[in-house]
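Let me begin by handing over the structure; questions about it come next.
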Amino acid sequence: MKIFTTMLATAALVASPLLADDAEWETWGLTDDAITIGVMGPFSGNASSYSKALVGMMAYYDKVNDAGGVHGRKLVAVQEDTACDSAKGLAAAKKLISQDEVFMLQGNSCSGVALALRPTIVEAGLPWIVAHAVSDSISDPMAHNIFHGVPTGSANGRAMAAFVLSKPDTENVAIIEHSNDWAHSYSNPARDYLKEHGVSPSQELTMERGQTDATAQILKLRQNKPDFIIAALYEAETAIFLRDLKKYGMGDIPVMGTAGTDLENTLKRTGDFDTVKNYYVIHSYVDNLDGTLMKPWADMIHKYAPDEELSTFSFVSIGSAEALVAALEAVGPDLTRSKLIAALEQVHDFDTGILSDPITWTATDHQGVKSSAVAGFVDGEPTVLKAWGQPY
Amino acid sequence: MSQTMPTAKQRRLRSLLFWAVPALLLLLPFATNPYTQFIANGMLISALVTLGFTLVIGNLGQLAFANTAFFGIGAYGSAILAAKLGLPWLLTIPLAGALGALGGFLASAAALRGIRSYYLAIITLAFGELMRWGYLHAKPLTGGTDGMPMPPETLFGTSFSSDTLKFYVFLAVTVLLVKATLNLMRSRFGRAVMAVRENEVATASLAIPTSRVILVTFMWSGFVVGCAGALFSRHVGYVFPESFGMLHLIASFAMVLVGGLGSVLGAVLGAVLLTALPEYLRAFPGMEELFFGLIVAAVLVLMPMGLASLLRRLSPIFVERFYREAP
Amino acid sequence: MTTLLTVEGLSVRFSGLTALDDVSFTLEEGNVRAVIGPNGAGKSTLFNAISGYVTPTSGTVHLKGQELTQLSPHAIAEQGIRRTFQNGGLFPALTVLENVLTGLHAQTEGSFLDILLGRSKALKSEAENIHRARELLKLMSMDHMADTRAGDLSGGQQRIVEIVRTVASDPPVLLLDEPAVGLSPVARDQMMQIIHRLAGEKGVGILLIEHAVELVMAAADRILVMAAGARIAEGTPDEIREDRAVLEAYLGHA
Amino acid sequence: MDTPEPLLKIRDLHVGYGKKPILRGATYDVLPGECLTLLGANGSGKSTSLNAVCGFVTPTSGSVLFDGIETAGLPPHKIFGHGIAQVSQARDLFPDLTVEDNLRLGAMRRGGKALAQNLTRIYHRFPRLAERRKQATRTLSGGEQQMVAIGRALMSGPRLLLLDEPSGGLSPQFCEEIARIIDALKEEGVTMLMVEQNLNLAFRAADRFIVLRDGVVVDGGDVRAMAGDHDAIVRNIYL
Amino acid sequence: MLMQLTLGGLSQGMIYALIALSLTVVYRSTTVVNFGHGDFVMAGAFVSYVLVVLAGVAFLPAAALSMIAMFVLGVLFNRGLVRPIQGGPHIGLALMCIAAGYVLRGIARMVWGREVLPMPAVFDMQPIFIGNLVITGDAVFIIGTVLVLLVLFFGLMAMTDLGKMVQAVYQSPRGARLIGLNVDRFNDFSWGIGAALGALGGILVAPVSLLHPDLGASFLIKGFAAMTLGGFGSLGGAVLGGVLLGIAEQYAGAYLDSALIEITAYLVIVAVLFIRPQGLFGRKAVVKV
């Protein structure tokens, strides 16, 4: 047994980068003209549409690089696929950290994968900006090197519930959702917020992905007559749900949707304005996707990724990349990992010009985006809203 | 065509090799980084999953796809026992195996009720998906969609976050289970299993209790895969329902077929090869389904008995069913 | 001479159809009894009923005074009635030696756990059985084929291996279902010698379904003739040859 | 008496299933217009002969010449096209289809032009089938099913009809009916090759017989010449 | 409420019926259960998407072309990959089908994996209100199309010589050889028809749902459940099983728990196989092992 433990200790010594020379570790993945950044995301698999977020983010890197980089260093993305699978994601992270030896990590879209990665990345100690996944547990409890750069699930969910309650006389709220972690990451914080405000959901329904009919669910709702419905459903199911809602004469009940859907697409899918006129979605951006404030970003993505089709995901990770670049600028040319982490903690009230809420990272709180706006139709025009009846 | 059986000398060489390979592998962590070590650990888990799978579809010849169910049962079993009951993870491995065996018992109950062939395939697929639904909806026990983290633990003062430590435990479990399975397949029991596959009616005429053979094979398969599930929960450190869906089935098929249906050595070989290859294909994301699909189709048409048959032709050392004759 | 097998009033009915109609006979040690009759006479049903593959509607089967009637096939085999199959019951993917070893399954010691852990008890018993299987193959001059896949043997060799496998555990009673079908005349002679030796030297009681005339006439001590599920005649080969009822049965008057 | 040119010439035919050889060099002829019956114990190669002739099994060697055309190795539907139809032992009817559909299907690939005519003729010959033309064949008695099987084969106007145990599983009364059917077919000039276990029927209906043993022809002759000595043949084959 | 649920279940069940029927067509002729059929369904939807959205073909001709393309694919798959291993164990056949499915899914993923593809709505119709009952355009479209197709299919099978020949091949392949049919060619034909009918299921679902490469997986299980419920191998049973499954899902969702909709099919499979393996309308099941 003694031999075994000795062997183990030796192996650990050889294998662990943590025990290597500290100074060397601080500048791992850094050269005079490049900063390597590991970008993990579901570039394959059934969640690969999320990877659009990372494509948008890397377009921003390219934009920065075209403008000369940061203190003469280009941002070099090293892309790794997680396929939204925890084992594959772990392999990707370990590859980036120990084989590609990147300076830092940014990205990851699937919360499950991010949760599985957390211990490994905490142990490795390099900075990681979570640029898309929303689960709160990724950055709470706080880890010194993990920064959340998008509104978390609770921020979104609470924003949804807050919007619902901002409508006068809302008492009877129903929830319909998919039974997966994506949906729960919205619905659970929304439930919490509702409860905090003395409202408990009157009805909880599930609708699974791939269902083409919501009759059973709608009929249950019809008996209950809710004031507001929170729907944590993907795009297709949202369209089916809204369509069936209207069909059964309940088109006047407002529905609050997630950031996974957007107004224009939902309108396109249902092909009928009446169906979506009472539909509201979490909208983390300052403007409509085709609005003037978003156009420069769309042009940027198209410049660097010409074939890319834009979706609501395309813009979500850019804000955190802006904050990263700001922190890198602040550190100066003498960059180390520790200095970057310190600089990130100095990012306060950082207006990204793209996210509806600013990014603030402090030494005690790494969840940078605290809330989110809502989009809905006002007088037939898609409008970004702060609260019921209050334009952004 | 006569199969050349290994000579006494070759048999000695082989048993030497059987222990020499894992002995050499003890040194592997000195040659890896955390990434390659993680992949190597994954190979050991795949080897056990493939082994359990090949026993049922290869040796017993039953079209049962319950292996993802056994795997999930093992992983969740281990995670629940460790996280909710506070058992040391090492202890949960055999317990997860026992839970997997229970799953095997249920699957064999279908087979023994005369549900065979395509019916068995369909009902075992349904079994796997029902289990997954259970993981999703038994939230207090399984964490539902949020998954379940494994509690941190140490052994000999080393944290189980070390892939090296995991490797030694995984290796020990894998070697033990492979050895036990080899013992089984080389015994009267292993012959009875294949006899049931070849001709169930004639098998009964030789005083072999065919029902019990089917039952025990399913249970052993469940045990091996259940243990693999326990390793997996520690490997990833987190269990999610999505890890046990049908999407992972094709990789298992490919591993079984590439190695050679019904071959223990082939199961290990197929698992190692097909865990490693996709890592080399990382640069081309999205190729995996295509890759495994094409491999399965190609092996079925061109090399139905897999790599194990090629090795057997190379040297009788690789013949698995040898006889332990009196010296 | 001890009576090994006693069959009394055995009947089998499938949904109204009588496949076996009140058949009785005994089989003594060292005796070879052939069962013949036109197609559909119920010969195979008789075998299946005795060996437990078909549950008799009525009647009993005793082996050395012990009742076996309602037991499962493997239990009946364990009690000592072993059988071969008309279409060949070998396991083609297993080697000849392995096939013979399956016949010794119940004779091998060692629990599941012993096997799993590779305990010496199981290993020793296995080694003894391998030795015994090789001896048996040598007796039939098949030892050089021990490691051949059974599926690669010629039809005659397959028949012989199946019989070796079936008698490996020294069962007192053997049911042979058309052992000579598809055999060349040379192989058939060999089969005849094997049957003689099993009955004569080892005292096995043999029940034989066979269509090869010269084999039946030369090997059987007595012949049971069946037609339409019932026994229509019994006697020595010479008696049967001259039996009017038998001739009529074959001619199609039954 | 001059022997006419045989319609079917089988020469040194070898057929096996896997490792099991069944026919080991059978050689015989079927003359136009006759009914030849194959006799022999189980496993002697009778049914295999029929299946080799109609292409269900492919001979390993040897030749099957049908009216001068080599058919060994052709797929069954091609051989059928040349005019060889079989009434198989299991009958292989289409159980959920009606009697009339079963019959009509017999003429889909051959004999379609004379379909209506043939149908009338078969209903005329088997009035019982005409009564049951709309019934699914699964509901028919064994004898009626055999009539459908024979009728279906006749719908293609075959030049050679293979009959595999036409009396199999049927009552003795029906055997007589089978014999009458065969007589009628002979009158129409249909050539037949038959396998029959019921020797009385075989001798009553056939012109010539052949005894197969171990896949070769060991005996044969004119049925009339054997009149009265059927016992000898039974002993030769079975006892 | 009951009527409304029944109508909803009917329109969903029609799709299941179509998929179960297409699986049965292949199974009856070749005794192969196409475990990759879900992906054939998906492929059909994608082909029609390409034609409608990218090539600008109108929906109906696109649907027809897509079915033809899938017919050809089914035939080629049978000839190239199934027939060479047809004599082997069923495990090989099942794995081959699964592999083919994954290949189709992999191709779809490579090309469209990162996009969520909306198919333009095909049938815009104001819902009809009959008292409390609401009948939507989609329901009319799906139920109508499938009904027409079923009438056509069963009509052809029952009335035409070709249909009778197909039935003959299903009921007795040996008998079909005895009457001179080229059974191999009929099997090709069955694979083609099976693939085309499955594709139609995908085409019908596409305008209602989103297109994604995993579209087929759940339909495969629903198809199996419908087949099992109706009686494995029975054409009519497959249709009835599909309709009943669709309705059962709605009832379970409305009267018990909406989370049950997802697993109704699995529960049906387990229950039927343990309680009445031959299904509701099947005769005593005979599976060649």
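Letters A, B, C, D and E mark the chains as written, and numbering starts fresh at 1 in each.
The criterion applied here is as follows: a residue touches a chain if its C-beta (ideal position, glycine included) is under 8 Å from a C-beta of that chain, and two chains touch if they have at least 3 such contacts.
Predicted model only: the values in this text are computed from it and were never measured.
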TODO: Count how many hops through touching chains it takes, at the least, to reach subunit D starting from subunit A.
DONE: 2
Open item on the list: Using only Cα atoms to place each chain's centre, name the chain farthest from subunit C.
Closed with: A
TODO: Averaging only over C-alpha atoms, locate the centres of subunit A and subunit E and give their separation in whole Å.
DONE: 37
TODO: Find the geometric centre of each of subunit C and subunit E from their Cα atoms only, then give the gap between the two centres in Å, rounded to an integer.
DONE: 49
Task: Geometric centre distance via CA averages, subunit C-subunit B, whole Å - done: 40
Open item on the list: Two-or-more-chain contact residues of subunit A, please, as numbers and ranges.
Closed with: 43-46, 48, 179
Task: Residues of subunit B whose C-beta touches two or more other chains - done: 137, 286-288
TODO: So, with touch as defined above, which chain pairs make the list?
DONE: A-B, A-E, B-C, B-E, C-D, D-E
- [ ] Would you mind writing out the residues of subunit C in touch with subunit D in their complex?
- [x] 36, 38-40, 151-155, 158, 178, 181-182, 184-185, 211-213, 217, 240-241, 246-247, 250-253
Task: subunit B-facing residues of subunit A, complex - done: 1, 4-5, 7-12, 14-17, 43-46, 48, 80-81, 83-87, 90-92, 94-95, 97-99, 112, 115-116, 119-120, 123, 135, 137, 179-184
Task: Touching residues (chain side subunit D, partner subunit C) in the complex - done: 19-22, 41-44, 167-169, 172, 175, 197-201, 214, 230-231, 234-235, 237-239
- [ ] Can you check the complex and tell me which residues of subunit B touch subunit E?
- [x] 57, 61, 63, 110, 113-119, 121-123, 125-127, 129-130, 133, 137, 246, 249-250, 253, 257, 261, 286-297, 300-301, 304
Open item on the list: Looking at the complex, which residues from subunit C come into contact with subunit B?
Closed with: 51, 53, 72-75, 77-78, 82-83, 85, 89-95, 97-98, 101-106, 108, 110, 112, 115-118, 122-124, 126-131, 145, 147-149, 152, 165-166, 169
